[in-house]
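The structure's right below; bear with me while I get my questions together.
By letter and in written order, the chains are A, B, C and D; residue numbering begins at 1 in each of them.
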Amino acid sequence: MDLITIEYIGKQPKLVNPILIEGLPGIGNVGKLAVEHLIDNINAKKFAELYCKDFPPQVFINPDGTIELVKNEFYYWKAEKKNQRDIVLLTGDYQGLSSQGQYELVDNILAILKKLGVKELYTLGGYGLGHEINRPQVLCATTDKELVSKMKKLGAVFKKNEPGGGIVGASGLLLGLGKLRGFKGACFMGETPGYLVDPKSAKAVLKVLMNLTKIDIDVSALEKKAKEIEQIAQQLRDFETSTKEKPEDLKYIG
Amino acid sequence: MDLITIEYIGKQPKLVNPILIEGLPGIGNVGKLAVEHLIDNINAKKFAELYCKDFPPQVFINPDGTIELVKNEFYYWKAEKKNQRDIVLLTGDYQGLSSQGQYELVDNILAILKKLGVKELYTLGGYGLGHEINRPQVLCATTDKELVSKMKKLGAVFKKNEPGGGIVGASGLLLGLGKLRGFKGACFMGETPGYLVDPKSAKAVLKVLMNLTKIDIDVSALEKKAKEIEQIAQQLRDFETSTKEKPEDLKYIG
Amino acid sequence: MDLITIEYIGKQPKLVNPILIEGLPGIGNVGKLAVEHLIDNINAKKFAELYCKDFPPQVFINPDGTIELVKNEFYYWKAEKKNQRDIVLLTGDYQGLSSQGQYELVDNILAILKKLGVKELYTLGGYGLGHEINRPQVLCATTDKELVSKMKKLGAVFKKNEPGGGIVGASGLLLGLGKLRGFKGACFMGETPGYLVDPKSAKAVLKVLMNLTKIDIDVSALEKKAKEIEQIAQQLRDFETSTKEKPEDLKYIG
Amino acid sequence: MDLITIEYIGKQPKLVNPILIEGLPGIGNVGKLAVEHLIDNINAKKFAELYCKDFPPQVFINPDGTIELVKNEFYYWKAEKKNQRDIVLLTGDYQGLSSQGQYELVDNILAILKKLGVKELYTLGGYGLGHEINRPQVLCATTDKELVSKMKKLGAVFKKNEPGGGIVGASGLLLGLGKLRGFKGACFMGETPGYLVDPKSAKAVLKVLMNLTKIDIDVSALEKKAKEIEQIAQQLRDFETSTKEKPEDLKYIG
């Protein structure tokens, strides 16, 4: 069994000089949230499913009672205006579980993208701060020096030595291995506390993506989700405060 | 050394349009208990043993002092009535240890099943609730929409978003990878607290299997085991209650 | 790089119907202690070193300041009397680290043994009881039923359902995979508390080996080591008792 | 995708009977600090980058905002005086993550070195003592007996049974596997507490390297770093002392 199985849905799309936008599960699920929102909003079409034996041995259950093997998914969207470009979108349930699996998987994905004519990669993720943040900025890192000033103009921020640990996972590896294979691109990282899924951070990332893609994206659904998460976060803070004030009560728990 | 070694006992059976019933170790050991009970009850014949280097490096010791390398086992049973079908049964000591190993192993098993003419897969497992349950229901998920109503008629239950985490391990992967390879089927998951082996849940699963296979199965042995386990569970609850009441006694333990 | 590298020292020995005696690191280091003692005592000759990439990436340092890559070692001994048989001995620094590595390694070792004409395997190990034991017995498990009574005559003991967890690691796998490859043999497991290296248990195993091999082995060195370990064990028990009696003293540690 | 990708920068250097000096991340980062300092000091030229799928799936971010896939790096330096030799230097971000990966990676590196004409390997590391040390010695281990006295003359120290656990990782494996492939060499291990990066220990190692290479190395930058680390260590000790004296204060932390 090969590392990946790629199942095309209908014909492969014919795209003109497309860019990739990738968002897989990660810190605050920022990247995945942003790409899924974008897919819904621009009505992108799924054209391939990717199964990988480095994903967990797991199926999810659809609302209709049928199962789905865990997977990654490729979508595409064709430019509607002259200042826009065709887009390939990549999201999914999981990243590879092992280090070697991640490398192999990303290498396979790059080969698929090359066949589709993709030369530019934009990867999305979260930058975990470990503390609350009011107005998340979108940090950036690029494959090439000349992209730095371009990305700044789109609203992305470059902070020296941040993230200090670099970028771990598919968003980093797509750029890192991609650079070796001749791709160019950038990673957009929305600042996030990192404790919960973070639609507010995803919204900040989408704002930069709007500037990049020249697409108008309605972010009201993300804003609604952000409010729900904020309520959950407040409840967790309240619970923490109440248990801190009366630690002796804890003796009766468990 | 190949991932799996398959040792046939005598000739491979000639089966007419057989179905697979699989039950390997898992939550509450529900699936394994159910299939082993079925094998005993219908006097199914073992026709192959499967060894796999993704199992633990371990032998078990038989009552007569001889060793057995850990393995999976294939049995078959030939239909005795017109409304019945031939059955291949799969059980064993372990599932694969690693994610990649699980994918490879299940892929190998699907190839073996295809050669035997199997097109329908019924996999058994437990659905861990984390709390006691009086009358375990049997949850279900299927490869195809049209199987949902069929399985409901057999007594299986579909609950939206349950199990929320999907199905992890061989029972899920057989259906997930199987679907990609052209198989159809369903997974029956007996509700179980998940703390101990659960013959009561296995019995519930067997009731659904009786409806599926049109075989009368004597479940009295499982009922007896269920009573024994219930006694052990009660003893554990009593012990917990007593230690909670007198926590100071714990100081003298260990 | 292949999984194993085998380096022969001089020519491969020509042996007549040899048996294997294996003892690698494990519970109480019983097997390794026993085989190393036997090698010293009968002056067996090393004829091969086995390196394996599933061992840790580690070198040991010899007393003379030179390094040695961690390895397994093969020795041989040629029968001196008519009632004796040629012997291949296997010991070493490590077993394979991963499950798949263990299977591959043992499979490779079996191929080497087959070339040497070995058909019978005797593997040594410890059976961890988790409590002190005065007179360790030597439990046994065999590949074949007819070997059970033979091993009983040598002083080995068969207890129904013991060890309950079977045999994990090379000692079990050599017999388990070996059986599939046409080898016969037995595993001798010296009972041991399992907390410390256990020369007393190794001595008990050697007593059975003496009966098997018809070789007189001087076990006085093991007896001396056993007394040293007993002193260490007593000191640990004393320390435990003293710290239990005065738990408040612990406040001043660390 | 192969385990390693090697990217040459310009032409491969033509070297005359060069030696290798290796220092990768490890205990106290002693080896990496020493080699990086040496590279800066002698102005060695980078000629190759090595990427490996057994490294973490990670990119680092340069000060200019561009990303770098984690890697190892090869440098060279050509002898300037008659009593000096050409040098290949190896350093990098990571060692291999898995045992099998470490073996494969080191085996690949040895093949690269062989092509460059390297026959002698000098590997650097730290020897973690677990306690403070005023004047770190440089322990040594060699592939061959005749190298022991040579290394002693350079100022390296041989202590019987130290390090007791041998040498784990690339520094040990380069010598261990290298010995099997016909290389000779030694490992220099600077004594270090092992808690923090240790420029003082790296300086001690460089002193021995100066004797080996007949190169004058300015260690003032390392001495400055060592003072900074000593201040941090003192602050940590002060903090520990203060918290030990007033343990009740800890209740208000976190």
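Just so it is clear, a residue touches a chain if its C-beta (ideal position, glycine included) is under 8 Å from a C-beta of that chain, and two chains touch if they have at least 3 such contacts.
None of the values given here were measured: they were computed from a predicted structure.
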item	value
Number of steps on the shortest touching-chain route linking chain A and chain D	1
Angle of the C-alpha superposing rotation, chain B to chain C, to the nearest 5 degrees	90
Chain copies touching (chain A, chain B) - same or different residues, decided at half shared	different
Computed distance of Cα centres, chain D from chain C, in Å	37
Between chain A and chain C, centroid-to-centroid distance (C-alpha), Å	52
In the complex with chain A, residue positions of chain B that touch it	96, 99-100, 102-104, 106-107, 140-145, 148, 158, 160-163, 165-170, 172-173, 175-177, 179-180, 187
Touch list for chain A against partner chain B, complex	1, 5, 7, 51, 53-61, 63-70, 97-98, 101
